[in-house]
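The data blocks that follow each hold one structure.
Below are two complexes that have chain A in common, paired first with chain B and then with chain C.
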Partner chain A sequence: MRAPSLYVPGRSFVHRADPLTKAAWAFSTALAGFIVPDWRATAALLVLNLTLLGLAGALRRTARLILASAVLVATFFVAQGLSHPSNAEPLFRVFGLTFYREGLLVAWVLALRLWNTIAAIGVLVFTVRPQDLVTALLMRGLSPRAGYALVSIIQVLPTLSASVATILDAQRSRGVETEGGLRVRLRALLPMLAPLIMSALAAAQDRAVALEVRGFSRPGPRTILRPVRDMAGAAFWRAVGLGVLVAAVLWRALGG
Partner chain B sequence: MAEAIVTVEGLRVRYALADEPALEGVRLEVEPGEFCGVTGPHGAGKSTLAYALMGLLPHVMRADVEGRVRVAGRDPIAEGAARLAGDVALCLQNPYNQISGARDTVYDEIAFGLENLGLPPDEIRARVDEALARFGLEAVAEENPFACSGGQVQRLAIASAWVMRPRVLILDEPTSQLDPHGAREVEAAVEAARRQGMAVIVIEHRAEWLAARADRLLVLRAGRPVAAGPARRLYGAAELQEEDLPRPVYTRVARRVAELGAELGGGGTEPWPLTEDEAVGQLRPVVSRRAAGSAGDARSAGTAGAAGGADDAAAARPGRAATAGAAPAGSPSLLIDDVHFAYEPGRPVIRGISTEIRGPGVTALIGRNGGGKSTLLRLLLGLVRPDRGRVVVDGLDTARATVAQVARRLAMAFQNPDDQLFLGTVLDEAMYGAKNIGRPPEAARASAVAALEALGLAGMAGRHPYDLGFGLRKLVTVAAAVAMETPILVLDEPTMAQDEPSLRRLAALVRRLAESGRHVLLVTHHMEFAAQVAERVLVLSGGRILADGAPEDVFRREDVLAAAGVEAPAALRLARRLGLAASPVTPEGLCSAIMGS
Partner chain C sequence: METRSIWSLRLTTFMIALIPVAVAVNYVGKAIAAALKLPLWLDSIGTVLAAMLGGPVVGALSGAINNIFYGLTADPVSFWYAITSIFIGLAAGYFAYTGWVQSTGRAIALGLVVALVSAVVSTPINVILWQGTTGNAWGDALFTALRIHEVPVWLASFLDEFVVDLPDKVITVFVAYLVFRGLPQRLVAQAGARRVQGGR
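Moving on to the complex of A and B:
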């Protein structure tokens, strides 16, 4: 089974930055990308985040995600280019359909915002181990149960895709045809989903037991073996992130 | 006599919605530093006892619990598992579900319980380092637990319980997914735990381990105690049936030799041998006497002595000619031709395997965890395609066929039964594959019923598979694969979590299938089972076949076995200690070799 984490191991300065600073950066730049009124500012944020991802060695994985959004982005251009309310200046015609400059610009802005959000979140999820993020939150008072819920979703849910692959293999070996038309694929759904749900329920019960026997619900203090410390200058970098967000809000409010 | 650290009196457990109690009238005492084995056939209530001792009943699992239970001075029924953590630790049967999901490295997963106990970081690190070394997990310390192999996950689960240094350690079938090398590591860890004063309770089917190491035993059947007491006394108790308490190979061989008229060492005053050393002590005089008595005959008969020591059971196996010669028309055939495969570039898993199976018979595929066995099976079914080379199943190149088409020629029971069970009854599950590959419903039903009967599951045909224990669910998937009646049948770890009666039925079924013209490919860590039913053994390690031949030849090659993390069957190890010239791999063969010596 492949490692289910999204984390890309590395020792870059992006990796070394503490999780909460990166979380603050990701949140601020993703949100600022939506707020700034000029698409060139969103593009600049995108370039900045892509640069960080490049330095962290996670550019290829980010590119895959951006490529995966191509269908959605294409719908932006088709829908907005053809029918945005502000459409006035025809730009070109395809198969008898007229695309307008105004609508295409709106689609371009939407695409930039989407890509910037992907890149900003990428800075967080590709360079932070989920466990470190949760540890940082626990050290700031998050309850262990809430922390477990967060990290187990990040950790355990990706294993479901591995389970799906194994179950698919097991059912195909019993003659279940999964390659073919829609009807064939629909017939394969039940033998696929039912074992997945049943084994997930059984696993949930066993996992609850595993947590209990290892003292997860035990009252009293617990140790954090790998405490997550703030990076040097964390306050400054968080302020930079917040500053980007505030600047975006002010720019928008002042009608830039 | 030390004061008992585990005391159970009149324990009765009835799960919510169940009509019958899962346990009734159980009584048990275990002292610090003792190894207590809990054994018995499927459905005996062994795991339920573990849940009760750990305080999971009724706090995590709904059940009515009566009786008095004291563990490490605590009342688990009243206090619950979380409060007992640190004093009592439990490792469940399915190791995959023991991964907490809270940590993303093996190192941190082992440390998780210690963090919950609030131990100082330096102590946690020292304990984790010790556990990594003891369970052979150093190489994967920084790997994600979900990315580890089955054997690694099982060792990780045990290490995570062991590292808490509880006063009572409970292990539910801790070696069921391990290769023999991994099993030895677990056995050594249990011994170390005892020496540290832990009471260790092990739920186990393997008689050789329990007989050699357990101080006391509790034998259960259908939720009721059949016997309890010192292990040595119970193994010697003639009234205890093999079905309830299987005897180790050493006992069975000594008994059989005595039945054949030989006088064992010790003059008949010693109890039956439970360990290899004891068996050597009792059988060596027999071998010496017979060798001296028959020296003249042996000289005149050339090598007849050695030939007579060849495994009679092996000679009786079906399909002796499965590896050579032309296959009869319509008989199973499987060609693996220079197959290479890697999941990721630069990390080959299968490195140029070539072999062929022709005609009916039984082949065992053995090797260490993570050695490429499961990947090879995926290649056989066409679930993955070779990077180089080809796999041809009964004339069908798997690269040019869908998996469903291959499944008409080769049926497989996967390792984890829960990956395939989903229908409402055992019978429906058993028929499912046969119907899918186009067999008429009535024929599929007949095949399924026959397979269930052969595996002792006929009485459970109407039950929901998830109402059965893991071992029985495993048998359901075997029955489903058998019912497909394909020329080739692949069984991945069919002996996992099986009791003695099920093993016997499984062996008989496999032999019968081979006699009826099919070829059964077994993947197993159970060397005794492989030696008993297979006429050919393939040893796979590091993605390569290290040895291929008859069990008597392959199991003799100690260098190959060591490289593959497996070991010779107990009968052959004992034969070596006795200085026999022959290489018997089954108890029957060993008896013949001793009597022919």
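Moving on to the complex of A and C:
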């Protein structure tokens, strides 16, 4: 198994923008989607982010993530449509349950916010390799130890995931029941997980020694092997991102 | 070895190497829960185990890095819930270091505490972001029923989260405890954790 990743390779201008500018944009517009008092503004942010994703050629990925959120969205409509305190105007009845207009509108706003979160953060994660984002943060003063912890997941995870199938087969062949009632399946949990975790921890010990002999905990500055450069006008674009957030807060505070 | 404060921020290299393993174990726990068709998430076994081994700071770091990594590679909504993961790591680490992983009974009690912490921290996030629902069908059915009977949103949302967290976190902590108990003494000592001898 490869490390999980949402990165979509490409050369669009969204791809070429530097990681921190995109991070500022992603988190600002995701948050702004929650703060603006009018759902049409959230919808506008969503359209804007979807446009950026379209330019980056990542719309299909985005659609898959939005589809994956269908259960969450369904719970919004059922829960709020049935029980939101502002409910007054009955819209329709299903299985003897009355859905109200006001609650369904609330659910619609929540769904827009969720989709905007996915699209906004998508602008970052679909177009940046996690390694590059961590490098950019390291250049801004993130501790190299935290940077290592974040990046090395990409190496540890595939090894561990690959052994899941092996251990599942091995334990089955030793007679561990993995199918049947809930109790049987719960009891299978430990024989699956224990060998995995033990070997992963032993590997972590080895890695700690390997890091140590390479001067991992030595104090002092570090050099970056492949520096990530800021895009032209990065400061301006970051200001635009934060401007959206500030505008949302002001609108909410003064007008909403 | 000198004794360290459990809130010490000076992490050994092994503790740092423990964090990616914790995140990977969280991933794999989730995958195994799905493979065994268990109605649980089991996505914080690694965080809890790292907290038992390395204390609250390592637990909290594992929790935060877990959600950042998950947000970057699988599900953007996960970023908002980094706070819950941090508190799960803090709580598990603090209580583990004050002696709550010495017997089966205490491990189950620790599971209850972690479930409570997780639900208490998640509730404001669920209320602020989604007006109280969690996306779990059983919990949200309860939420809706309670809201129709005019139970306040905070209480309904807390119960929504808690009914799911209770079995999930108790089993998570219990599995982590069983693994922790079976670890070689050398490894436990290297991580700086204390474990009562002869617990087996």
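One rule holds for everything that comes next: the second predicted complex is superposed on the first by the 210 of 256 C-alpha atoms of A that agree within 3 Å, B and C clash if a C-alpha of one lies under 4 Å from a C-alpha of the other, contacts with A are read in each partner's own complex, and residues count from 1 in each chain.
Convention: a residue touches a chain if its C-beta (ideal position, glycine included) is under 8 Å from a C-beta of that chain, and two chains touch if they have at least 3 such contacts.
Model, not experiment: these values are computed from the prediction.
When the two complexes are overlaid on their common chain A, residue A:83 makes contact with chain C while staying clear of chain B.
Shared-chain residue A:139: touches no atom of chain B or chain C.
In the overlay built on the shared chain, the residue A:44 is in contact with neither chain B nor chain C. When both complexes are overlaid on chain A, the residue A:207 reaches chain B and chain C alike.
Contacts of A:114 after superposition on the shared chain: chain C is touched, whereas chain B is not. In the superposition on chain A, A:191 contacts chain B only, with no contact to chain C. Shared-chain residue A:71: touches chain C; no touch with chain B.
Contact with chain B, but none with chain C, is seen for A:175 once the two complexes are overlaid on the shared chain. Residue contacts after overlaying the shared chain place A:162 against chain B, while chain C stays out of touching range.
Put simply, chain A uses residues 3-5, 130, 148, 152, 155-156, 178, 190, 194, 198, 202-203, 205, 207-208, 211-212, 216-217 to touch chain B in one complex and chain C in the other. On chain A, the positions that touch chain B within their shared complex are 1-5, 7, 129-131, 148, 151-152, 155-156, 158-159, 162-163, 166-167, 169-179, 190-191, 194-195, 198-199, 202-203, 205-218, 220-226.
Residues 54, 56, 59-61, 80-86, 88-90, 92, 94, 96-104, 108, 111-121, 124-125, 143-144, 146-147, 160-161, 164, 343, 378, 381, 383, 402-404, 407-408, 411-412, 414, 416, 418-423, 432-433, 436-438, 466, 480-481, 484 of chain B are the ones touching chain A in the complex.
Per the touch definition, chain C reaches chain A in the complex via residues 11-14, 16-21, 23-25, 27-29, 31-33, 35-39, 42, 45-46, 49, 61, 65, 68-69, 71-77, 79-80, 128-137, 140, 143-144, 147-148, 150, 153, 171, 175, 178-179, 182-183, 187, 190. On chain A, the positions that touch chain C within their shared complex are 3-6, 30, 34, 65, 68-69, 71-72, 75-76, 78-80, 82-85, 106, 110, 113-114, 117-118, 120-122, 124-125, 130, 133, 145-146, 148-150, 152-153, 155-157, 160-161, 164, 168, 178, 182, 185-186, 188-190, 192-194, 196-198, 200-205, 207-208, 211-212, 216-217.
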